[in-house]
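Shared chain: chain A. Partners: chain B in the first complex, chain C in the second.
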Partner chain A sequence: MAILRATQGSARHPRIERLADFASRWAFMTPASVILLAMLAYPIIYTIEISFSELDLSTFTATNWVGWDNYAEVLQDERFWASLKVTGIYLGLALPLQMVLGFAIAYLVNVEWTGRGVIRALFLIPMVVAPVVAGGVWRMLLDPLYGLTNYALGFVGLGPYDWLGNPTLAMMTIVIIDTWRWTPFIVLIATAAILALPRDIFEAAEIDGANWWTTLWSITLPLLLPMIAATFVVRWLGAVKMFDIALASTNGGPGASTQVINLFIYEEAFHSLKFAESAAMAVLVLIATMVLTALFLRGSRMLEEMH
Partner chain B sequence: MQQNRRGLGPLSRRTVLIAGASVIATRAFGAPDAKGLGTAEQPVKLRMIADAAYANAWQAGMVPEFNKTYPYINVTIDPVPYAELLAKIMLDATAVEPVYDIIVADDPWVPQIAQTGALLDLRKETAAWTAKDYDWDDFNAAPLAATEWKGIQYGVPFRSNMLLMFVNKTLYKKAGLPVPTAALTWDEYLAQAPKLVQDTNGDGTVDAWAIDTYFKRDQLTPTIWQAIFNSYGGQLIDANNKPAFNDEIGVKALKIHVELLKYAPPGSVSHGYSEALSSFRQGQAATSFMWGSVYRNSAVDPKTTKLTPEEVGIQVMPVGSAHAGAHRGIASGTIQSKSAHKEAAWALLQWFSSREGERWHSNTLGGFPARKSTLTSKPDSDWLVPVFAALQQGYDTAEAGKMWRLRHPKSDAVQQVLADAVAAAISGQATPEAALQTASTRVEKILK
Partner chain C sequence: MTVTVSLTGRRRRAHVGRSLRIAGGITASLLFLFPVFWMILTSFKQQRDIFTTPPTFLFTPTLETYITYLQRGIIPYQMLNTVIVAFGAGIISIVAGSMAGYALSRLKIRGATFIGVLILMSRGVPPIALAVPMFLVGRSLGLIDKHIILILAYCTFLIPYVMWLMRGFFMALPKELEESAMIDGCSHFGAFFKIIVPISLPGLLSTLIFCVILAWEELLFAIVLTSRNASTIPVAIAGIAGDTVNGANWGALTAVGTLTVIPVVIFAMLVQKWLIQGLADGAVKG
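Presenting the complex of A and B:
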């Protein structure tokens, strides 16, 4: 009997303990969850709500439910597709360039040489410069009349180029400014990744007589591939949101040659006050970004498994 | 514990908490804000939102001057860059508790803001506080009309701007051309333009151009096209509220705007307000179609310009088949209808737009007046004499040709469409005909 009671008592205890454990976990998690919901989920839900409604500007609230009307209007707007195309061109040029440059610089900076620390510190500067300031400074550097860039190119017989006035060069300008800003970020991650590579494999390769190129191609790159893929996803998520550089340097021009999708959404919302259509565009871009990010993550996982 | 509760009598714990919090809040944040025009003990605190281009100068100069008459009204002016100003105004105007008592709105924005119910009907709601000598009829019709919408006056002109033609007389003389007068036509201007692209120091390199103005993709760039368009008798919309700019006149005006680029400095396709001003002030552009209010810093102040008042002319833009060219751009003071300090806000609006305020503004900061009496008076500085004459000419021209941006709650959306169209034509991404056709379709949809 005494044994039975003891068994019953011990059976009750774990349940109470589990409940207490559950309660205490949620007691810690609730404030963070509430803040997360308020700061993240609410704006997204509100944006989705607006995208299916008319927005009353006098109260700034969604009023009439209009179904898919806003989405239909956006999808019929050739400017939306044009700005998506511009965004695709920018991403297609900027991301590979930044990845290649970032890892290449990290590889070179990783070699022991005097002043390496100073160079690493200097690399951080573009990242902390405000985008508006960066845009303004680059505008001055690229000015066809007074800019340092054309002046310097003149010494080797090139130019002068109208960096901000020519539609093709204006896109190149955006890519250059963005690359100047964000390559250091990739360099930082890549440096950490290279430093974390196991030394013994390289020592073994050296003993086996592998040259510089073989070491890079057959050992370093395969080992770095998962990190390259992860860095690409992180940078992709940052780049897809870019609009500040375009706003500050070209304002989407000349014509609409540098009007990336986020700049277009911003202008439609805050200049044309078409908040509902802008919300629909934002939701479409969010979905497209999520789908592509999922694909990239899957690719990244496959690379990890392969190597 | 029970005794304590009984001791509070009929007051609930909640009431006591609220009262306690109020006392703490009052002590923490100072005395409650005063009503009326304030007193030494309880001054009124006014918040104003304005374009950063002039807000700082107003805070530093205008507010202390205003406080000589109204010492108990503390004014804080928040400067906001023009590109973000309307969005910020709209967000604040639609808030439950708006921050700003006074909104300085640009010319085409009033219908949009007024539609939200955020603006006070000035003639009706402030009548009891209006000075007897405050003369509404003394304002020129064009600047006052900037804040009139559906028969209600929502504001008064603070900084009355007009798009005018700035002339570098020295460059005209160097090119062997007569200094332009207000009778100059677009044909004459364009015929002279090639000669104004010149090498002024004989080093074999072109260092001066005929024009610099708005060419880049910007909401203010279509104002140049529109001024040309209006000078040929064109109007943006017809009596049925439908776009009327996609016609021969509209295309001709856009072709002229595009042609101007041939005679502008390299890279001008990305030039707007700052770049065009810079070229003109450096003595590199013989003309600039620019807002008149920049005259002081373009011709008078040696810290900001290489030019002098003697070599800078100011006049209306060239003449088309109907009028000279001009374009209205009035920054007006309006009062937030939910403001708790309407009387104090009106005191500031009234003082700044009065004869006294206008004179102080133009003589001290170079601000442009809207009153006929101010424009016919003798200003303190000699350089203001030709400026006042050009401004009056501009008001008359704008009034005659209805030269202003669309007055409609969706004017900003329309302006964005026009900006896209003009930018597409200027950058060569579309022909003027195609650009205006696209714009017309989109504007019609917006105005439906």
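Presenting the complex of A and C:
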């Protein structure tokens, strides 16, 4: 293309021509780069700076360099570790549950019949309910006194449960709400993935007399594996930031039993005004997330190459 | 023929399996829809119908809660803020993001792969790590509680998202399109705005709707960077849901919740085909 343009504007100096071409290519990157440098890169650098400083609360600016003090304080804070543990438990329960449910429901939904499109469209609805609305509405559904959940469970002789008052059940509550909100997202991705599978393999398997379990276990799942891994990474990146559902449903309680790390950092920064310690925690979480994400991506690439 | 005969028993079993799967799919979708249904139902109840044991399905519907909350309080104002911020962030992101996505996919930018890795990594940045410095800097610049800071904050996750989706979208377009335009004397800008944008309009529009939805429901930046003037509906809902002083106001929660969800559901239904495709692409390639 450069050649084409050069011959066209042969009267102009080829060097200037090339420079103009280079500039116009990069001009496309400029708006995005400027915004992301100012709003993404700079804040990260500033967070790192604050994490090594003392913050003057009268001017809200970082003042004295204090070295690793903030980090030492954070690492000795039991509440920080407790909050990481809560986040770990939430992720360990919610992610596998959502993956299994999502792909299982997608399998059910993918039968060819007239209503398939409608069913798929219906799964879009929970997915666009704002997480904070989901948290609030589920808080109402799980209310021990007037909630519908305990009423329904009463029919099968269970409960009543104090969903929001008991630490273990409160964690369950968070997982249930998160699963309700995010499983449809996985269903939709999984549906597209299943539809994209090559059909002839399944026809061949049927003719060979393979039963559905063998087909599922030795054909469908291996073929879907790269997609499952990719979906997992996307979902992980979302779940690790979870904040709104916990805030709206349990607000971290009872005690700190559902205080996920983002909620804890938020409270420390904006309610206790410990900005420097919060910045140190944010940097630690950032690093941990990056390392784990890189590992997951590595894993998913490996799966992709294996098949 | 012999194959068909030997398969009839299997076919019948497969038929039963098929019906079971359909029934399972319908049940699952209804279960997932129920909380939304219950929210809408509750929003039309009077206070005395909300707090009943057992919960009631039959009642005289009323618009009382809606009228109360739309007439007084700052809910309508917060709705307007949400619209301004969501569309503002969406439009800026779609313009900046699609231009960058085009550069990455077509213009042989040096380091395009590296930029791709950076985009992916940006998705791992916890918003709280951005919210703390944004609050501190925004405060000294007098930008706190202004629409613009929230709009720009949302761009941090929307632009990388648009870049990634549109990069994939542009890569799938035939190269001859711009090549012929360039022969006709178009610059890169001319080719992009006159040729590429018009034929990518459906993709751009649905990506915009995606962005609006994501910005519409964001809570963390909104709660940190705004207090009254620019505060959005998710902040209002968090306030209602977390109001421990006056007790749970389920009427307000469900009415405001319904008003928040309805427009987004309509949007989502309008572009459902694209939405599903975009989700799948975002997952595979992102």
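We take it that the second predicted complex is superposed on the first by the 285 of 307 C-alpha atoms of A that agree within 3 Å, B and C clash if a C-alpha of one lies under 4 Å from a C-alpha of the other, contacts with A are read in each partner's own complex, and residues count from 1 in each chain.
Keep in mind that, in the parts below, contacts are C-beta pairs under 8 Å (C-beta built on N, C-alpha and C of every residue); 3 or more make two chains touch, one makes a residue touch a chain.
From a predicted model like this one, the values you see are computed outputs, not experimental measurements.
Colleague: Would you sort A:240 into first (chain B), second (chain C), both or neither based on which partner it touches?
Modeller: Touch status of A:240: second partner only.
Colleague: More residues of chain A in touch with chain C or with chain B?
Modeller: With both complexes superposed on chain A, more residues of chain A are touched by C.
Colleague: Can A:222 be said to touch chain B (first), chain C (second), both, or neither?
Modeller: neither
Colleague: Under the stated touch criterion, which partner chain does A:96 make contact with: chain B (first), chain C (second), both, or neither?
Modeller: neither
Colleague: In the superposed arrangement, which partner chain does A:60 touch: chain B (first), chain C (second), both, or neither?
Modeller: both
Colleague: Pick one for A:35: touches chain B only (first), chain C only (second), both, or neither.
Modeller: second
Colleague: Is A:145 touching anything from chain B or chain C once the two structures are fitted on A? First, second, both or neither.
Modeller: In the superposed model, A:145 contacts both chain B and chain C.
Colleague: Between chain B and chain C, whom does A:184 touch in the aligned arrangement: first, second, both, or neither?
Modeller: The answer is second: A:184 touches chain C but not chain B.
Colleague: Considering only touches as defined above, state whether A:255 meets chain B (first), chain C (second), both or neither.
Modeller: First partner only.
Colleague: Classify the contacts of A:133 with the two partner chains as first (chain B alone), second (chain C alone), both, or neither.
Modeller: second
Colleague: Taking the stated contact definition, name every residue in chain A that is touched by chain B in one complex and by chain C in the other, in rising order.
Modeller: The overlap between the chain B and chain C interfaces on chain A comprises residues 59-60, 143, 145, 251, 270.
Colleague: Which residues of chain B touch chain A in their complex?
Modeller: Answer in residue numbers: 84, 86-87, 90-91, 94-95, 112, 115-118, 216-219, 265-270, 410, 412-413, 415-416, 420, 423-424, 426-430, 446.
Colleague: Across the complex, what residues on chain A touch chain B?
Modeller: 57-60, 79, 143-145, 160, 162-165, 167, 170, 250-257, 267-268, 270-274
Colleague: Considering the complex alone, what residue numbers of chain C touch chain A?
Modeller: Within the complex, chain C contacts chain A at residues 3, 7, 10, 17-18, 21-22, 24-26, 28-29, 32-33, 35-36, 38-39, 42, 50-55, 92, 95-97, 99-100, 102-103, 107-109, 120-137, 139-140, 152-153, 155-156, 159-160, 163, 179, 182-183, 185, 187-189, 192, 213, 216-217, 219-220, 224, 233-234, 237-238, 240-242, 248, 250, 253-254, 257, 260-261, 264-265, 267-269, 272, 275-277, 279-280, 282-284, 286.
Colleague: Tell me, which parts of chain A touch chain C in their complex?
Modeller: Result: residues 1, 4-5, 8, 21, 24-29, 31-33, 35-36, 38-40, 42-44, 46-47, 50, 55, 59-61, 105, 107-109, 111, 113, 115, 119-141, 143, 145-148, 151, 180, 183-185, 188-189, 191-193, 206-207, 212, 227, 230-231, 234, 237, 240-241, 243-244, 247-249, 251, 262, 265-266, 269-270, 275, 278-279, 282-283, 285-286, 289-290, 293, 297 of chain A touch chain C.
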